[in-house]
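After this come two complexes, each holding chain A, first together with chain B and then together with chain C.
Moving on, here comes the complex of A and B:
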């Protein structure tokens, strides 16, 4: 403002530098992620010394996927100021999309194998019927719902990984942003969307096996003979690559003028609108893109988890996602990665019975019982005293140096 | 001009009453005719019973289902005394027989032996060992038969309890014979309640079994508009149909419906009926085609087609036709042949009741009842919706205060509900009297939740007033910590919060409309809260200060109001109400650590839909959500999940069009 009043010339734009040199955090992140991937690979059962068990490789791979969805959440919340309580639903949708193919293709292989010895070869209709009753017998139906029309086709289902969350986010975001729903109202609205989706999936006639969800996803059709150690390694590499690409993509988007507009919308939406920017389009773009990335993360996560059910999509999961990002530190991408990795690994360590109980003499603290209390209270403390989260510690170091 | 619907309805009802009175008179006359013409009943005469018993000695001593009728005939047609007492004793396994003489006795037990009692004189006789006499033990089937035949005596029994039991037995298994003695017993019935019941049963019996057509029609007509389950059951039994098939429609049957092929009955289903009736050969389905093909494999081929080519329906059909052409398999019917066979027959439903006059009357009666049933079902649905709405209101009204007035998102609100419910549970552990414990629990739950709310506001929320999104997250942290704490303390299983007896059961208007008393109580509680909250906000000093701080904290502070204190009290008030809601919800649902979380999203939506910052808005939101959910459930009663899904979608859309809710604040107070 003062520039304009005093009539001073605007400061010259900084010389254009290459994106990666400009963005040192991204470089550091890539280097560390590569190192981490290399170490895990060398220590794995499949290709290395076997120091890291296959189940741990899976947990690490899943954690990388969670980091990716946390990065997406950070972009939409930490940078754009939309506290979405629906991004874990997009994550789940991606998982369902790929899970349908995994389940259908595997069931089809099993059915064809068992019918191959029959004297008269089966017709296509018979195979489809058998697959239908194999998959849907558990909810008392034997017909494949229309939703599964393309479940046999990997390309279509992979496209659905992107399209299902993308379209849902596009339509929902368009409706919500258009009517200027902001702040806590938007949070409640996205939570309502997540609730509706999970309630829908909980029904047995939703066409997605109700509360049984999709299972057996760790078996990859076409590679049923391949040991899980090798498959776990593939998915670990895939997850690491997806995280790296996602991180760079978001860092690149946010480094430019576009990023500045996004941050400005977070800080004062009305002022950005008065400056002539079409705020709704920017928000819609960020909301949809992050939803798509969340879907991809989910598509990589659930084959490693092996099972997906509607409880994964429940509103609470999306709130946990926000908790991770807040603990890691909003408004910095590596903060989201840190938060997701630390909290989810700590959670699976403490609730998995790996951590020793603490004997106070008069009371034994069992971590399985007290972890959530600790998380809840710790989270309140972070919100109150360290609004910048774990990532804020780096600022601290940087300042001292 | 038509008269307004309510007036025409009242008129119709009045007409109906007049008609009923008239028909009642007609029916009474009919009953008199019945009584006069009915079979004479066995009355207690003065002949001794023992000889009568000896006539059917074997059947009594060795009772069985096949012989019991002979005994009953012999006894009820005799004029001996004490027939009823004997039948009762026989049924109660209190009859003994002396194998030497073949005489029957009652007996009284005395120090392990039996004192025999003469059946006719009632005099006590010899004391015998239980081994010396034979104890007659009729089985369950025989006892039921005896009980059924006893009913005719029991309806006139001097003991009202026995009369009631007899009427109940008639209601359970009605038959034609009961008409006569039931009608005979009405005249001497002293108890007006039992008398009314007898008259009603007689109407129901006459509708089904009266020998005279006019009597039946008259009785059926009085049942029109009667929504009780038993009346509707009688009508539907009269209208029972059976499926029939014929080459052409017969003239001499009481036709219910002629089924149109295609619209009423599918071709395949119709053919299935033909097959069931033995009028057409069974159609070859895919399984039997496959079996026939398998059975006729010759040199790796069937009917000249190699096996590996049989992986389509068409190839299999061709092979099968080749087989049946060679006589190796039954003929394959094409769809056209099936349709042809179906087309040559008429499918219809015929009333089991042959008399058209009676079925017409019954159908008219059912039609007359239909509208009334619809009205009552609507009423019942409205009551359900109202009760659901009041539960939502109770759960959400505390939020309307904290979120609506203070704009603070409190995700731990559900846990305050849970706290209130657990408070009630703990108090019930110490105070076993349910009414007293409820009286203590309501204020205690308020205090506990109030204290928790004030603590939350002081420790966490007041630091975050400028950061609403972070309030959401911090209170969510509190919420998961509180939930887990409750789990650690009370365990994961559901805890009961028992309602006092006077709240158990339900208030029934008729067989269709009945409301659980507890739901009525919750509705009343919701009303009380509405009034109390409005009084507090509009009529007290605290309310005035709350509204002042809401509208302009700075100005309020400069007028000497302490905003800190007001915020603290407001938050405590909202939380305390949640605590009381917890007791109410715990009474009809169970108390678990997750019960609050189940309501939190719904509660937020209630407040948002209703309009933030307005208690009336919350009321409207709760009412709307309650009615919508029940309305959607009515379309698909099997699945409440569907209702919730559509409801949530509807709310998302609703907020599109009224982003600030039903009651939007206008002017400066609206903010933004």
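Moving on, here comes the complex of A and C:
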């Protein structure tokens, strides 16, 4: 290759870096995640020795989903500098979208079974009515709202897992970013969004069963006879795969110039504008993509949890998400995974009665009450003394070697 | 004319920062803009680059008469106007190479950037720019680790990487050593052979070395315009600026 004008050979471009070979953290992460999945599988009740109970497999699978939404949060906050305090709304929407199909299809199976013995075979309208009163009896209604028009269709509801959070993020982000709302004002706006959504869903006539939410989601229509141990295993694998794919997707997006631009936006967005980049488009892209991934994480989480209700998307949930990422270490994807895993597992251990109370003689520390204090103190301590979070420890080791 | 600013005024909280300013820049041209503090030098650049919207007046770009006042900052930058700020603003967390690479004249929409991979021509251009700004052996270093003068240069390099038709440079020599200043003068004069360069500067020695047409701004409008010798002999200029 020669330069046309001078005839000097052009310097060779740097060798094309294979993305994974270049990205050692991603490789390590994949290896550890595979190992973890393998160990859990081998110790599970469904496939292995049974050392790990099915309920623990579910907790671990749910934790993987929380790790995925934390990775998305890290991309939008740690890399792009948008402190969204509403990403759990997208997580919840994903859960609701898949939950509608799970509830509808299961109710339909039950209704058809019970009507099968009737002398006159039921018409489709009768089945739909019966499903309506089965699902909505609890909020004193028997009609399926229009929102449920496609609840019988798994493909449509799976599309909604991606479309509902994606469209909400697109519209919300477009309005917010084009008005140049940034910093704490944007955070407040995202809190307001998730608050409004959760308050709306709390209403009985919201069409999603008000504060009852959707339940029985652990029963998978078509596999109602399959033991929960097996279903838990499937969802655990699905969650691990989703986390792996999500991690690699984000690592790839961040690996080259796009990553450079969004980190530049985080550090000085006005300067990026004067370089000719349309900052709002980049923010909107990142905000929407992370919302979609959050929706997918939610769609995998709630069938393992078994129930979703509007309290799940209350503002506090999104604040926890930010806390996980801060504790794990912003601006590094594995930091977000560590933060979400450590904090949420610790939380279920301490609040689930697993941890022994501490008797000080004059006072007994009960972890169910003191957990939030511990979390608060931990958050303050990390912010003050380890601004790089748990992930920052890796830098420390890397330096010493 | 490449850039034509006519009758522009802007008021901040009752303070008239720019008052019926008219200024025209040709292509190629090197122009220095001087004036006391508060004369509106930086505000002039803010208006041209879309950061500040004027209350009245027109800003036309190229012979097609494109209205810059209707464009966003990023669209103005893509149209070919590059800007260097008074305080060096490079992306300190990122390498010198990444800083230059981001500024390279390539497509700027998110999807193109997402699938962008460095081509031989881009790589060659980065090396060439690094050579020109004296940072060849610092490409892999964090921009934050550079000295103040080197950051100024990196920013000038980023400006050149954009390959703009008009460069707006705000106090490029601030905080530079005499030899760095000489280098900067050369760079700007060389750039001005093929494009328009507007330099805001306080240092009269530096302006003298640029050896170009000078516009003196005072209270938001042009007080005098001409060669450096012409404007420094102007009694009004001496009264409001040089005499102090």
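Here is the rule we go by: the second predicted complex is superposed on the first by the 386 of 401 C-alpha atoms of A that agree within 3 Å, B and C clash if a C-alpha of one lies under 4 Å from a C-alpha of the other, contacts with A are read in each partner's own complex, and residues count from 1 in each chain.
One rule holds for everything that comes next: contacts are C-beta pairs under 8 Å (C-beta built on N, C-alpha and C of every residue); 3 or more make two chains touch, one makes a residue touch a chain.
The structure presented is a predicted model; accordingly, all values stated were derived computationally and were not measured.
Engineer: Of the partners chain B and chain C, which touch A:50 in the superposed model: first, second, both, neither?
Structural biologist: Touch status of A:50: no partner.
Engineer: Looking at chain A, does chain B or chain C touch a larger number of its residues?
Structural biologist: Larger number of chain A residues touched: B.
Engineer: For A:375, is the partner it touches chain B (first), chain C (second), both, or none of the two (neither)?
Structural biologist: first
Engineer: Just chain B (first), just chain C (second), both, or neither: which does A:137 touch?
Structural biologist: A:137: touches no partner chain.
Engineer: Who does A:222 touch here: chain B (first), chain C (second), both, or neither?
Structural biologist: In the superposition, A:222 contacts neither chain B nor chain C.
Engineer: According to the stated criteria, A:323 is in contact with first (chain B), second (chain C), both, or neither; which is it?
Structural biologist: First partner only.
Engineer: Figure out whether A:352 sits in contact with chain B (first) or chain C (second), or with both, or with neither.
Structural biologist: Neither chain B nor chain C is touched by A:352.
Engineer: Looking at A:274, would you say it contacts chain B, chain C, both, or neither? Reply first, second, both or neither.
Structural biologist: A:274: touches chain C, not chain B.
Engineer: Over in the complex, which chain B residues touch chain A? Could you list them?
Structural biologist: Contact set of chain B toward chain A: 290, 293-294, 297, 302, 307-308, 310-313, 316, 409, 411, 460, 463-464, 468-470, 472-474, 476-485, 487-488, 597, 601, 604-605, 608, 639, 641-642, 644-645, 648-649, 651-653, 655-657, 659.
Engineer: Over in the complex, which chain C residues touch chain A? Could you list them?
Structural biologist: 49, 51, 72-75, 77-78, 82-83, 85, 89, 91-94, 98, 101-103, 108-110, 113-114, 116-124, 127, 158, 162
Engineer: With touch defined as at the start, can you tell me which chain A residues reach chain B in the complex?
Structural biologist: Touching chain B from chain A are residues 83, 119-125, 172, 175-176, 178-181, 183-185, 187-189, 191-193, 195-196, 199-200, 202-203, 205, 315-316, 319, 322-323, 326, 369-373, 375-380, 383-384, 387.
Engineer: With touch defined as at the start, can you tell me which chain A residues reach chain C in the complex?
Structural biologist: It is residues 1, 3, 10-14, 16, 253, 256-258, 260-261, 263-264, 267-268, 270-271, 273-279, 281-282, 285 of chain A that touch chain C.
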